[in-house]
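Listed next: structures, encoded as structure tokens.
The following pair of complexes shares a single chain, chain A, combined with chain B in the former and chain C in the latter.
The block that comes next holds the complex of A and B.
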């Protein structure tokens, strides 16, 4: 009996250990090591802090970094503001039969590849796009306007692509909110805003945290949307990483950038969890 | 405020209007993409020149429809193969992970559990570059030490599979764990009292019970792999997957053939997603 237990333990443990160590731990250690490597003047590989020094001395690098973090935060806030009424409607206002239908409708676009969704926006917004055509025909504008390739469009794209990951956790926490609490507050003549601030939002905190973490991380690590909707001016940090790896072939510099991005995202997620007193395990499930 | 309370008419109507606008926002890009796939034009834009199936069936040389577009068809096939292997590997390892963390006790369990969740919070781009670096280091090591050149360590089909597998497995593990938590373990004990070994009990009872979750997780893994871009971008070799191939085309200017592919993708994924949803509802 005892040896049977050991056998199954190892049977399950071995693939998991192989997966986590070969594909997660070792590659990230290698990323860290590579970021401290460089070439001396004569081309020999040496240990160096140069890659990190470059990041702090070249304004373009750290400004892009700060900008990316800031825009990811803005994206998370916008997503929350938009997702709150939507999930409230589905959880509390819609009739039970339409609720299921609306939820399915909500999920569907997110099964489709992000590339297709971004491409759809490009067709709508670009200079020869559908919006411009309609506005020209209606006589509202007389010259086509380029609506792509600016920061507002880029943030809208990011909000669009990560919307679902805020809406779904919010719906599930709102469904667990007892209606009688809201009814009681209403009977006591609380204003709508007071109900929202003192009942709904405190109750939804776990959902808000997990949604915000996922949205923030997806926005921070996104490459497609800033690249295609923000164009040349998007200055997203993942693009810097891509450029170091693929265009300049400076893998050590790219590794340093990658590690900085990893530290930033871990730090913000950790802070988010600490502030709301939750654990990663709870948020994940 | 909520359904059970009296609501002002303007409140209800403005809320309904808001939801309508939201769903328009959600579906506008997809709908326009699909419609323009049938426009008889050389560009994916208005005006409407009439209905045409050219971008699906035209054999060329002026317009090459998707069914004759060698390059895109090849990338679709590559994506299918990648997704198949990723779904297979991640389902097997993900199920092992779920069984390990739900049913076994061993030292350092919490630490390992935390590590297992890590791929959820590592940006895909970082996973891609770290695997690229590690594979390259390993390749160099083997070449210097033993003088053998292993193709697996260069950006290639299998590296993409491993890259996607490395984070999709976590999702599978979470889905399967959720169902496993509802499992009554006395059933396993009963089987073992009746003489089954632990492995037989798992194979005959636990896995049977988990089957719907495993199938659902495999479908999700397939879709996630099929659509992955961020991680794949750095690992892809000479065989681009569909998202990479589409990205290159969209970046360098586009033809309605991309709309045609998008339409097929939208229909395909929606069908798979709806099936998945239908079966998981039925189980509950």
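The block that comes next holds the complex of A and C.
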């Protein structure tokens, strides 16, 4: 009886394990090996650390990474600041019926692909776009302004595409927050800021952390939004990986960049958890 | 028991549909396999055509990842074949006996044969050709007639080009180099690239954006956001049909000429169908239809009679005899240059 149960378990587990092993583990091992391969001066394949060394010795590469990571952090902060009141409203203030409606409203943009959403923004913001048209008609500006292709627009696009991933965990932790705590604080004449700082944020910490990790990773690994909305000035690190693979035919270098992205972003998250004195286990539970 | 029968039936069904329809998988550029021609080919031969749209770099990367499997036919540019073949072995030699040579312009067939030769074999036959040059809105930028218009401060914020290797070549010409002569000399080519990078970084405030999508560029030219762009001739002609002020202009230094080809991946499953498709596409009436639709000239010998008058007018207006003679055709790219160019392109995009 017991062995039959085991067999069924393995049978059901097999597709998942095969999936993980064949499509995730093996390609990554292949990439890892590839990242340590290179060509000697005469063009023979050799084992080398040169691909990793290039990242640290060539300013373009590590600077692009630093810039990408910095912008991903900024995106995460902006998303948090915007998502906190939104999720507080949905979880605490809205009536149960409107709550469902508002959540659907948040989900709605995610029913179309990211590409379509980004192009939607581009139609709104471009020089001959909707915003400029309205502003010109209203007489606020007299010359169309190019609102695309700068860092502010790019960050706005990133925040927009990752909002949901911050709002959802925040709503779920806020639902467990006891309203009487806030009421008591008001009775004791605490200021709004004090309530936010000492009651709401500490209670929401696990939700904030998991939301922040997801948003940070999404922003860091994004390719489309920086490329389309950032335009001429925004070399994102993912784009550099793409360029190594596709334009330069240098898969070894691209693989090394891929692993550096993995390691360095994990390191940033680890530091973030250490600084806020949290453990990944607590966040996940 | 019932479930097993059901499963078996399902398997049979899957195998049956797989065996029934013979397919031809083409890896090509957008527009190179028009729907009407795909349908016609299916009717004539019973072979289903699946087209995947891509560009030179992605075609090579895709075939390299599968070591030449997954597609029965690819359409890379002729200058990107020999060095790639030498290194990654992703194509198989073309059996010219299976190609109907009468359908081709002989000089073009010979040129492609010569340029894609690795060892004793050649790896491609020509399909179509065109040029990169300037697309200019002559009302707003009347003076733009050479590559240096892309660097001209008077068109500030109205300039657009791709950040890809053809742009590096074009700016090389604008700076007075002949990049194609330097192909064989890596150090001299590097020196030119450094100069080009310096120029393009300095010119960054002048550029509206680096376009990546042809349709998006056409849109910004139509709306007047961009008045001088580096683009392909057929893009300029498409715009000319809507707005006569916009047209393709071959730069004085010479437009950059490319030939896109048919090449057969090394692990193609349906090689016979690939040859059938090649001969089908090169038939004058089909090639003519393609040219009328996409405004791209083909290597088909007698297609001209099947090309609509307005498209022919485009060619005659843009390419008088001396302009044709002045086209700088891309020679095969030596292997080492791509890595160098990749780094330079990153550098340009990363700097402020």
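Convention: the second predicted complex is superposed on the first by the 265 of 285 C-alpha atoms of A that agree within 3 Å, B and C clash if a C-alpha of one lies under 4 Å from a C-alpha of the other, contacts with A are read in each partner's own complex, and residues count from 1 in each chain.
Just so we're on the same page, contacts are C-beta pairs under 8 Å (C-beta built on N, C-alpha and C of every residue); 3 or more make two chains touch, one makes a residue touch a chain.
All of these numbers come straight from a predicted model, not from anything done at the bench.
Judged by the touch definition given at the top, the superposed model places A:128 against both chain B and chain C. In the overlay built on the shared chain, the residue A:241 is in contact with chain B alone; chain C does not reach it. Shared-chain residue A:255: touches chain B; no touch with chain C. In the superposition on chain A, contact of A:20 is made with chain B only, not with chain C.
By the touch criterion defined above, A:189 reaches neither chain B nor chain C.
When the shared chain is aligned, chain B comes close enough to touch A:116, but chain C does not.
Comparing chain B with chain C, the partner in contact with more residues of chain A is B.
Counting contacts by the rule stated earlier, residues 128, 227-228, 245-246, 251 of chain A appear in both its interface with chain B and its interface with chain C.
Note for the complex: chain A touches chain C at residues 60, 63-64, 126-128, 146, 148-149, 227-228, 231-235, 239-240, 243-251. Against chain A, in their complex, chain C makes its touches with residues 57-58, 60-61, 64, 84, 87, 157, 163-165, 204, 207-210, 212, 220, 223-225, 338-339, 341-343, 345-347, 349-350, 352.
Residues 1-5, 12, 15, 18-19, 22-23, 25-30, 32-33, 36, 43-47, 92-93, 96-97, 99-100, 104, 106, 112-127, 129-134, 136-137, 162-163, 165-166, 169, 174, 177-178, 197-199, 202, 223, 226-227, 229-230, 233-234, 242-243, 246-247, 250-251, 254, 258-259, 262, 265-266, 269-270, 272-274, 277 of chain B touch chain A in their complex.
Per the touch definition, chain A reaches chain B in the complex via residues 4-5, 7-9, 11-13, 15-16, 19-20, 23-28, 30-31, 34, 82, 85-86, 89, 92-93, 95, 102, 104-109, 111-124, 128-130, 133-134, 160, 163, 179, 182-183, 186, 192, 195, 213, 217, 220-224, 227-228, 238, 241-242, 245-246, 251, 254-255, 258, 261-262, 265-266, 269, 280-281, 284-285.
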